[in-house]
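A short write-up of the structure that comes next.
Chain nomenclature is as follows: A, B, C and D, assigned in order of appearance, with residue numbering initiated at 1 for each chain independently.
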Amino acid sequence: MGKGRIEAFSDGVIAIIITIMVLELHAPHETTLAALVPEIPIFLSYVLSFIFVGIYWNNHHHLFHAVKSVSGPVLWANLFLLFWLSLIPFVTAWMGENHLEAVPVALYGADLLMCALAYSVLLHFLLKHEGAASTLALAIGRDLKGYGSLVIYLAGIASAFVNVYLAIALYLLVSVIWFVPDRRIEKRIG
Amino acid sequence: MGKGRIEAFSDGVIAIIITIMVLELHAPHETTLAALVPEIPIFLSYVLSFIFVGIYWNNHHHLFHAVKSVSGPVLWANLFLLFWLSLIPFVTAWMGENHLEAVPVALYGADLLMCALAYSVLLHFLLKHEGAASTLALAIGRDLKGYGSLVIYLAGIASAFVNVYLAIALYLLVSVIWFVPDRRIEKRIG
Amino acid sequence: MGKGRIEAFSDGVIAIIITIMVLELHAPHETTLAALVPEIPIFLSYVLSFIFVGIYWNNHHHLFHAVKSVSGPVLWANLFLLFWLSLIPFVTAWMGENHLEAVPVALYGADLLMCALAYSVLLHFLLKHEGAASTLALAIGRDLKGYGSLVIYLAGIASAFVNVYLAIALYLLVSVIWFVPDRRIEKRIG
Amino acid sequence: MGKGRIEAFSDGVIAIIITIMVLELHAPHETTLAALVPEIPIFLSYVLSFIFVGIYWNNHHHLFHAVKSVSGPVLWANLFLLFWLSLIPFVTAWMGENHLEAVPVALYGADLLMCALAYSVLLHFLLKHEGAASTLALAIGRDLKGYGSLVIYLAGIASAFVNVYLAIALYLLVSVIWFVPDRRIEKRIG
């Protein structure tokens, strides 16, 4: 099967996820700059999630750029990823409205962890479909980035109960790793 | 007429349906894990509906993959399916917020029944347009899956008034049947 | 310029318009069938608007199917149409929540009138871009359907202050005219 | 990398931004024309933002029409633009619900300024990717339109604290400049 429609559907879902988060920003009733202050943590959570979802879109884009076709399991693995991504607006809202308390920050990390896990599952089924000698397989190698991300997220979730800023720093560390989408793919495809 | 735009429009509508359901999950004001407990039935309803809508997308994807062009009646039959799919967020919210009471569970099943019926109508018009000797016609055969689903949904709706878990089990039974999209189509197209 | 992106953007906007209307249907707190009764006028308004927006999508689909490329004015005329379509959720909500009172029903018709007018403007710029000898120009002819629709909508708006059901009957009369998208286009393109 | 998916994703995000703004228009409880009066400033803000977002879409459309492929930095620059565009519904709501008070009008302009800046950044990375001899580079030249817009927006933000109508007039002045998308691009591509 062609990959056109799975890309289009994923683009649609990710576009909605990244955009509806802004609905959490409620226009204050007063019209002073001070009235915007309570919106700041919600705004920062939005920025954070926009970056994370943007990274997923960029990497999803690169990933499917490297494959030729998709299989039934790939369709479901992709939906599994979209499911966990779709929860980001919820965990973002909970974290943002509560000034970064421990449990919401940990739940936020748990959702990011599930997204990362789902991304690995999607990669697994794509590699299985494309074969060990495919461009994708050669580009990904042993997927150290994927496994490393899972470990850092776990550390982040645990540290949320000690210091939420440490937790968020660890989440951001993962985003730094993925900010530049797989150059391994770009190099091999051009 | 080409099928590109009907696919794109359906992708858009289904992407929105599957994503706006998450807006029903409201961030609780407290920040304990206990505060999430009331969200659990809403979350599970969301999971259930995500699976159902995901199945429709997968099968819609396979169905249009097998056709070459579309006719006027196909455009309307497709809109008829999208209409019943668009009600899923509403019936999901009613079921989820009310801890699976009989009437909401039955209405949820009634909407799934209408979706299944609309899918059969869409299939009917596609087969009429493609002709009896088409790949699609040979792949679908007598559409036992379609008719069987309608019967199971009817049984599920009726059983909602006896035991809601039995009803949901029957709805899930249909999803198991459709979880793997028509291999009949995949086999013939490759 | 190619027409691919204007089609994709219009599909996106129309998909959102047709789907967010369902957010007006609020899950009632009680779980009896009787609790759904107050939702019925909102539901019927949704059905009505779903049909109208569906008709616009179908005709938009046919219209752009018949053109080869687009011009700058066409981009803006298309946005003008999308603007009036985007107000349909608002006028639908006002009409549905108020059991079909005169002013909301008239405003609903006024928005449909503006959509029809915008569609004629779009058609005008497409014809200007394609030329008098184009397939589209030959298919549309003197655009009796377009002008007739404007007249019937005006009659419908006026009659809303006498009898709202007559007004809605007249709005539906227009939808009957457009339900089957321009066969004139289909005949000439195949 | 091809440009198809970045166009599709941008179309999706912009389509959602332009459409969810209408959710700020709340159906009044009364059914007189007078009940619509408080909605008028919200409606006018919506019209204003619809025009601005429409202009961005048109120019985005022209911009990517002129490029052949995209690079990693272009993907991120595009997301940076989409981020500031996604805040338009929020600043529109704040401005519209408060009858054009100074601070919300200035913030509205500040977001437009950031959008314009992000557009220039996107253009910069596209030019870097395409090369100085590309169609795009020749069409854009010294980007006087881009720099001029930034200056006018700054003047508009400052004047919001003197006279909000002057501020909005200046914002509209920028939109007049961009209303007709780069003819420079159209001329060279045809």
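The working rule: a contact is a pair of C-beta atoms (placed from the backbone, for glycine too) under 8 Å apart; a residue touches a chain by one contact, two chains touch by 3 or more.
This one's a predicted model, so the numbers in the text were calculated from it and none came from an experiment.
Residue numbering at the subunit A/subunit B interface overlaps only partly, since under half of the positions present are found in both copies. Superposing the C-alpha atoms of subunit C onto subunit D requires a rotation of 90 degrees, rounded to the nearest 5. Taking each chain's centre as the mean of its C-alpha atoms, subunit A lies 26 Å from subunit D. Centre-to-centre separation between subunit A and subunit C, using Cα means, comes to 37 Å. Of all residues in subunit A, those that touch two or more other chains are 8, 12, 15-16, 20, 23.
Of all residues in subunit A, only 1-2, 5-6, 8-9, 12-13, 15-17, 20, 23, 72, 75-76, 79, 82-83, 86-87, 89-90, 93-94, 97-98, 101-104, 107 touch subunit B in the complex they form. Only residues 7-8, 11-12, 14-16, 18-20, 22-23, 25, 27-29, 31-33, 36, 47, 50, 54, 57-58, 61-62, 65, 179-181, 186, 189 of subunit A touch subunit D when the two sit together in their complex.
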